[in-house]
Amino acid sequence: MNNDIDTIFKKPRRGSQHRSKPGTAPGTLVVHPDLASQPVKVSVIAFSEAELFENTINNLDELAPLLEKYPATWVNICGLGDIDLLSKLTTMFNLNSLAMEDVVNVHQRPKVEEYDDIFFAVAYEPELIKNELDMQQISMFWGKKFVLTFQEHASDCFVPLVTRIKHGGKRTRLLQTEYLAYAVLDTIIDNFFPVIDAYGTHLDDIEEDAIDNASTVVISKIHAFKHNLHLLRRAAWDQREAMASFRELAVASDSDLRFFIRDCEDHTIQIIDILESYRERTSGLMDIYLSSVNNRTNRIMKVLTIVASTFMPIGVIAGIYGMNFDRASPWNLPELSWKYGYEYFWCLALLVASSMLITFWRKGWFKH
Amino acid sequence: MNNDIDTIFKKPRRGSQHRSKPGTAPGTLVVHPDLASQPVKVSVIAFSEAELFENTINNLDELAPLLEKYPATWVNICGLGDIDLLSKLTTMFNLNSLAMEDVVNVHQRPKVEEYDDIFFAVAYEPELIKNELDMQQISMFWGKKFVLTFQEHASDCFVPLVTRIKHGGKRTRLLQTEYLAYAVLDTIIDNFFPVIDAYGTHLDDIEEDAIDNASTVVISKIHAFKHNLHLLRRAAWDQREAMASFRELAVASDSDLRFFIRDCEDHTIQIIDILESYRERTSGLMDIYLSSVNNRTNRIMKVLTIVASTFMPIGVIAGIYGMNFDRASPWNLPELSWKYGYEYFWCLALLVASSMLITFWRKGWFKH
Amino acid sequence: MNNDIDTIFKKPRRGSQHRSKPGTAPGTLVVHPDLASQPVKVSVIAFSEAELFENTINNLDELAPLLEKYPATWVNICGLGDIDLLSKLTTMFNLNSLAMEDVVNVHQRPKVEEYDDIFFAVAYEPELIKNELDMQQISMFWGKKFVLTFQEHASDCFVPLVTRIKHGGKRTRLLQTEYLAYAVLDTIIDNFFPVIDAYGTHLDDIEEDAIDNASTVVISKIHAFKHNLHLLRRAAWDQREAMASFRELAVASDSDLRFFIRDCEDHTIQIIDILESYRERTSGLMDIYLSSVNNRTNRIMKVLTIVASTFMPIGVIAGIYGMNFDRASPWNLPELSWKYGYEYFWCLALLVASSMLITFWRKGWFKH
Amino acid sequence: MNNDIDTIFKKPRRGSQHRSKPGTAPGTLVVHPDLASQPVKVSVIAFSEAELFENTINNLDELAPLLEKYPATWVNICGLGDIDLLSKLTTMFNLNSLAMEDVVNVHQRPKVEEYDDIFFAVAYEPELIKNELDMQQISMFWGKKFVLTFQEHASDCFVPLVTRIKHGGKRTRLLQTEYLAYAVLDTIIDNFFPVIDAYGTHLDDIEEDAIDNASTVVISKIHAFKHNLHLLRRAAWDQREAMASFRELAVASDSDLRFFIRDCEDHTIQIIDILESYRERTSGLMDIYLSSVNNRTNRIMKVLTIVASTFMPIGVIAGIYGMNFDRASPWNLPELSWKYGYEYFWCLALLVASSMLITFWRKGWFKH
Amino acid sequence: MNNDIDTIFKKPRRGSQHRSKPGTAPGTLVVHPDLASQPVKVSVIAFSEAELFENTINNLDELAPLLEKYPATWVNICGLGDIDLLSKLTTMFNLNSLAMEDVVNVHQRPKVEEYDDIFFAVAYEPELIKNELDMQQISMFWGKKFVLTFQEHASDCFVPLVTRIKHGGKRTRLLQTEYLAYAVLDTIIDNFFPVIDAYGTHLDDIEEDAIDNASTVVISKIHAFKHNLHLLRRAAWDQREAMASFRELAVASDSDLRFFIRDCEDHTIQIIDILESYRERTSGLMDIYLSSVNNRTNRIMKVLTIVASTFMPIGVIAGIYGMNFDRASPWNLPELSWKYGYEYFWCLALLVASSMLITFWRKGWFKH
C-alpha cells in the first residue's frame, strides 16, 4: 500500500501542448495527432419535467428532434479527435470559432465567458489515474435549450450527476440548462476533494520521511509534490475566478441559483485554503530535509572522531613500546623490563581509551 | 511542567473532513459516523429585561412557548449527530438548507452571511485540550427573536457569557438578539488570547532550544509550531473579515453596537498582529537551527583535528625509532644508542604535541 | 562601550499583556496588578495666548477652574494604576468607555479615532532603557478645550515640548488643542530617530561580526535584532496609518495644520524607509553567517587533511623499515643495511612530506 | 543533441544598451555604431481586397504612389542603422519624435501608445539563435492607411503572416491596418511558445542533474536558466499589459477585433502561466542541488569513517604485538610465544574488522 | 582596472543624517556642522528667447533685477551651509518653511509637491566618486518666473543642460520654467544609466567569483552590492512616483510637456526594470556561493579520504610484518622467512593502494 501512495508523487506527463504553429490564422481547428487517434463518443440526455431521454448517438442529426421536443438537452462529447463532428457542432449550435479552438487546444485557463447568448466555460477535473495526477480539461457551452460538454477522454465524473437527473433530481429538471451548467461545474469542483485528501496523506508521509529518513528519494518526492501542488493550486485559483464570473453573468437569473453558485465558490475557497496550508507545510520541508542531512553528517563525524580518538592514543603507546632504544642504558624504556610491563601497558591503554569515551559520553555524543 | 508545554506542539489530528461524496445534491444533510455517535445536548436561555428562563430540554416542542413569551431566546445545540433534530430546527426557524449543510460539514471558513432576515455566522474557538490545539467550529443563526448556536462538542467557552446574562448584564438583556450574537462572537475571539499566550511561551522555549540544543527534536517542534500558527492565523484573518461583514450588515442597528463590533474587530487585529510577530520570529528559526547544527559539526571536526594532529606526529616519531636500520653504521639511528635517548624522545614528543596544541589554542579552537 | 551597544540586542521583556479574562463585558476597567503598584502623577499645563499655568495636582477637582479659565488645558497622567482616578476622568471629560479600556489594556495598535466630538489616539514612544528597547504606549484624548495624555511610566519625552510651550512657542499657544495634539504625536515620532540611529550602529557591528567572527553569539544577536526591528516597523507602519487618519479627521481645520500633519507623516515614511533598509540588510545576514560557518569548517578540514597527508606517509615508511623480514635473504629490506640508510629514510620522508605540502600550497589552501 | 540543449542556458550577450548621453535633448535620434554598420532592408506589401503589391524598395519615394493606390500598406524596415531613412519616415508619416527615439534606443518596454491618430507599439520577439536566447525589439507604428514595423535584424518571424496575406487571408485584407497590427502582435506572441517549449525540456534536464549529478556545472545552468526565465517573464508580463492597452484603444473598432485581441491576451496569460510554473519549479532547484552536495559529503565521510574504523583497530593490534616488552617475564606478551599466535592475531583482526563493518551495515551506510 | 571595479562595492558612508533634535518646532532650519564648513556657490542663468545671462553671484540682491528683466531665472545653490542665505531665499521667493527644512535635512524621499503656486521637488542624483556610490539630494523649487536648485556639493551633472540652454535649445528657452524643471529632473534621471551600467559589469564579476572562487571576500561583495542596489532601487521607485505626481500637477500645462514627462517616467520604469533584474540575479548569489563552499568541503574531504584510504592499509600491513611473534613456530609469520618476502610485501601494498585508487577513480572523485 505504501508503494501505491509513493507513486502519487509522480510528476504528470508533460501535457502534449496541442497548439497550432505560430502564424496560423486565429480560429483554425487543428487536431493534434495524439487526440485524432482516440475514439469519440457522443452521449445525450434530454429531459423535461416529466420525460427523460438518454442514449449514445452516432449521428448528430439525431439531435435536432430532441432539441425540438425537450426544453433541456445535454450532449456530452468524449474525445476531441473528430474534426468534422466538431465543425458540425459549431455550425449547428452557432458556437464561436475562437472558443471552439480553445476546446481543441487543451491546456486553456479555467474561465467562464459569454459570446452573445451562448456561454462558454473551461474547467479542470483532477483525477488520480494509477497514482498519477491527471488534470482533464472539460469545456462546456450552454444556451437556452442545450448544454454541450467536451471531455479529453472518458471518465466517471459525470455518473453521479446523470443518476441525480434520472432519479428524483426535481430541481435539476425544473431549473433547466443554467442550473445544469452549474451542476456540472459543482461536480467538477467537488472532485478536487478526494484528490486533495490523497495528497494530504502523502504529505504526512513525506514529512515523516524528511525528519527521520533523509534518503535522497525524499528530495524527488518533495519536488514532485510541490509541482503537483502548484498545478492544483493554479487550477483552483482560476476555477474560483471562473465561478465569480459565472455568478456575475448569472445575475439576471433567480436568486436561488446565485446562492448555489456562491456555495460552490465557497467550496473553491475551501480547496484553496487546504492547498495553501499544504503549501505552507511544504515550504519548510527542504529546510527540514537539509538539516536532517546535516545532522547525519554530524553523526558520521562523531563515529569517526570517537573511533580515531580511542584507537590513535593506544596505537601511539604501542608504537612507543615498539621503539628500539638501546636497553643497555637503564634510562631507556625501563617499562619494557618490568615483570608486569604488558599488563601495565593494557591498563594505560584502557585508561586512555575509557577517558576519551567518557569525555564524549559527557558531551552527549552517544545520545543520538 | 516542561513536558506539558512540550506537547503543545503536537499537530492537531487531521480533522475528519465530514463531506458528502462528490456529485451529491447541494443542501443534503449527511452526518459523519464519528459525529453521529456523540450525544446531543440542547440548552436554552430565554429572557426579557425582567425575567429569565434557563434549562436543558429534550424536546424541541418546548421551544415554541418560550419563543412566544420572551423577546430573546438562545438555543445552544452541543453535538451535531442528531439529523432529525437538525432538520426539525431547519423547518422551525426557516433556516437556509445550504447554511445548515455548512453547520454539519464542519471545517467551513469563518464568515457572516445574510439569508433573507436570518443571519448565519461561522467562527472557530481555539482551545488547548491536553496541550493539543483544538479548533472547534461554532455555527450560529440569529433572527429577530432567537439565537441558535451549534458546537461540535461540549466546551466551557460560553459559561462566562451565560453568567453575565444571568447576573446583572443589563445591556445584554436590553439590546436583545443582535447584541447577543455579538457577545457570542466576542467571547469566541477573546478565547484566542490565552491560547496565543501559551504558544508565545512555547515559542520562547523553542528559540532557546534552536540556539543551544540543536537536537533533532527541535525540527519537529518548529515544524509543528509553524503548522499550528498557520491554523490560528488563517482562522484569525477570516474571523476579522467576518467581523467586518458583520459590522456592515449591522449598519442599520444603533451606533453603540457598531462601536462594540469595531472594538471586537480591533481585538482580531491585535490577535493577527501577535500571530504575525510569532510568524516573523519563527521564519528565522530553521536558519538558526541549521547554523547550530553546522556549528556542532565544526566543533566535532575540531576535536578530531586536535586529536589527530596531536597524536599522529608522536606516532610517527615512535615509528621512526622502531625502525630496524643496521646499527653497525654509526650513521644509522644514532639516537637509539644515547644514554638518555628515551628521555630525548619524550621531550621531542611533548614539544611537537604542545606546539600543535598551542597553535590550535591560538586559533581559538578551545573557546567554544 | 562596545559592551553597552552589545546589550542593545536584548529582546524586550515580554509585555505583561494586561487583559481582562475572556467573557468579561466590554468596557470594563481592570488594572493589572503590576501597574496598580506604580505611583500615579498628574501634571497640568493650562494656557492662553497671554497666560500659562503649570503644576502637578493631587486632586482632579483642581482641574475644573482651569478648564473654565484657559482655552487649552493639557493634563498628563503618568502611571495607569489608579482606577478611581481613571473613572473620574472618564466621567469628567465624557470619554468613551471602550477607548478608556484601551488606555488601560496597553499593547493596543497605534490609531486615531473619533468618538463624537472627542478624539482618541494611541501611539508608541520607543526608548532605549539600559540598552533594552522599551515601547511605551501613550494614549491621548483631545476635545475642544483639553488634551489628556496617559503614559505607562515616567519618561522625559515631553520635556522639550513643555519648554516650547512655556518659552516662545506662539504657534502652539494660538492654535490650541488640535495643534497641541499634533505636537504631542510629532514629538513621539521624532523620538524614533535616535533609537533607529543606535540600531543602525548596532547593525554595522553585527554585519562585521557575521562576516569575520562567526561565533555562536552572532546568531542570537541577529535574531534579537530582527525581533526588535519587527516591533519598531510594526509601530512605525501603524503610526503612519494613524497620522493619515488624523489628517483626514483634521480636514475641517485650517490648512496649515494639515501641512504640518503631512510633514509628520513624511517623517513616519522616512522612519519606515530606514527600517526597511535595515530589514533588507538583515535578511541576508543569516546566509552570511551560515557561509562563514561553512568556511570555517573548510579551514578546519584543511588543517586536518594537511596534517594527516603529511604525517601518514612518513609513518607508513617508518612502519615499513620496522618490519622484521628475514635479513638472511639479500632481497629483503636491503635499505636497512645501507651505511646511510637512516639518512636515506629522512630524505625520502622529507621529500614525501614536502611534495604533499607543495601540492596543498598550490591548491591555495594556505591562503586563508 | 544534448550538447545543443546544454548551450541553451547561455546568458544572452549583454544588450548593447544604445542610449544617448545623459543631458541630451529628448527626441534626438542617435544611432549606436554597432547598428550603423548593419545593412538596412525595406520591404513593402500594399494590398486592397482585390490587388496585392509586394517588393523590396530602395527609395522611400516609391511609397507615395502605393499609399495613394492601396487602402493598406505595410512597410517593414529591417535594420536600424540608416539615420536619414528614419528621419525621412518620421516626416513622411508624421511620427512622434519621442516614439521614434524609442525605436532606435532598443530595450524599451513593450507598450501600446497613442499619439494623436497614430498608434505606436513595442514588442519583443524571442528566438533561439544557436541555442542562445535573442529578444529582438520590434517597434510598430500604424495609422489609417499604413503599418510600419522596425526590426533590429533580419528574422523569419513574419514569413507565415506574409503568406497568409498573399494567399486567401480574406479577413486580413478586409479589416485593414488595425487588424494587420493585431496580426503582427499575435504572430510575435505566438513565437514565444516554441521557445518556451525548448526551455521546458531544458528544465527537465536540469532537474535530473540537480538531483543526481551535483557537479558544479549545475549551478551555472540553474543561474543562467533563472536569468533567461526572468527576461522572458518580464517581456510576457509587459506584453500582456500592452495587449490590454491595445484592447482599450481599439474600443471604437468592431467587436470582432476585440474578441481577437482578447484571445491574444489569453495567449499571453497562458505564456505567463507556463513561465510562472517554470519559476516555481526553478525556485526549489538550488535547495535540491545543495542537499545533493551535502549528501555527497555524507557519502565521502562514510567511506572515510568505514576505512578508518576498519583498519585502525587492526593497526593498533599489530602495533601491540610489535612491542618489545621483555619476554623473560611470562606475563609479558605471552601471545607472541603461542604456536598459533599469528593465526590468533588474524582471527582477532578479522573479528574486529567484521564487527565494525557489520555495525556500519546495520546503520544502513552501505545502501546509498 | 579590476581593482577599480572591485571597490565599487564599497558601502556608502553612512549619511550624516542631519536632523534637528526631537521636540524642535517644525520648520526650524538647523544646519549640520559638516555642511556648515563647506563653501557655498550661487550660479545664475537668466534667459528670454532672445537673451541670456550667466554668472556666479555673491550677493542675493543681484537677483532682483534679473527676475524683473528675464521671464525665466535659474538659480543653482551649491552647498547647504549658509543659513542666512537660505533664510533670505525663503523670504525672497516666499518658500514654504517646511519644504525649506527638507532642503537642509537631506535624506528626504524623492517627491514633487505643490505649496500654493510654488512647486517643490526632491530627487537623488547617483554618482560614482572613487568607485563609491554617492547619492546626492537635489532639491528644487519652481514658480512662474524662477527655478531654484539646491545641491549638497559640487557636481558636473548640470553641465550638459546648461550647454543646451546656451546653445540652440530653443524649446528650453520657449517653454520656460516648468519645462526647465522637467529638464533638470530628466537630467538627474538620465544620470542613473551610467551608474547602473557600472554596477551591471560589477555584478557579472561577482557572479563569476561566486561560482569559481568562493573566497570569503565574495560574501562582503555580495552584501555590499545588495545594499547599494537597495539604495538605487528605493530612489528609483520614489523618483518614479515623483514623476507621476509631477505629471498630474502639470495637467494644466500644454500636452507636449506631458508627453515629455511620460517619456521621462518611462525612463524611470526602465531603470527600475534593470535594477529589478539585477536584484533577481543577486537573490540567488548567496545560494550559489554557499554551494561553492560546500563543493570545496567535498573536495577537501575527498583528498583526505583518498590519502587516508591509500596509506592506512599499507601502514597496517607494515605493522603486521613488524610484529614479534615467536618465529620458532613455523605457523607464525612465515612470510618473513620468504626469500622474496619484501618484494611480496610491496606487491601486496601496491595492490591494495591501487585497488583503492581505482575504486575512487571509478566513483569519479578525481574529476573535479
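We just call them A, B, C, D and E in the order they show up, numbering each chain from 1.
Criterion: contacts are C-beta pairs under 8 Å (C-beta built on N, C-alpha and C of every residue); 3 or more make two chains touch, one makes a residue touch a chain.
Because the structure is predicted, anything quoted here is derived from the model rather than measured.
Student: Compare the two sides of the subunit B and subunit C interface and say whether they are made mostly of the same residue numbers, over half shared, or of different ones.
Tutor: Shared-number fraction below one half, so different.
Student: Rounded to the nearest 5 degrees, what is the angle of the rotation that puts subunit A onto subunit E, matching CA atoms?
Tutor: Going from subunit A to subunit E via C-alpha fit gives 145 degrees.
Student: For subunit C and subunit E, what's the span in angstrom between their mean Cα positions?
Tutor: 27
Student: Between subunit C and subunit D, what is the separation of their C-alpha centroids in Å?
Tutor: 43
Student: Give me the residue numbers in subunit B that touch at least two other chains, ranges are fine.
Tutor: Residues 287, 290, 294, 297, 301, 304, 308, 312, 315, 319, 322-324, 333 of subunit B each touch two or more of the other chains.
Student: Hey, how would you classify the chain contact layout here, line, ring, star, complete or other?
Tutor: Graph shape, chains as nodes and touching pairs as edges: a ring.
Student: State the ordered list of ring chains, commencing at subunit D and continuing via subunit E.
Tutor: D, E, C, B, A
Student: Any idea which subunit A residues touch subunit B in the complex?
Tutor: Residues in contact with subunit B: 157, 159-161, 163-164, 169, 171, 186-187, 190-191, 193-194, 197, 200, 204, 207, 211, 259-260, 263-264, 266, 269-270, 273, 277, 280-281, 284, 287-288, 290-292, 294-295, 297-298, 301-302, 304-305, 308-309, 312-313, 315-316, 319-320, 322-326, 329, 331-333, 365, 367-368.
Student: Would you pull the subunit B residues touching subunit A in the complex into a rising list?
Tutor: 14, 17, 19, 21-26, 96, 98, 102, 107-109, 115, 215-216, 219-220, 222-223, 226-227, 230-231, 234, 286-287, 289-290, 293-294, 296-297, 300-301, 303-304, 307-308, 311-312, 314-315, 318-319, 321-324, 333, 335-343, 345
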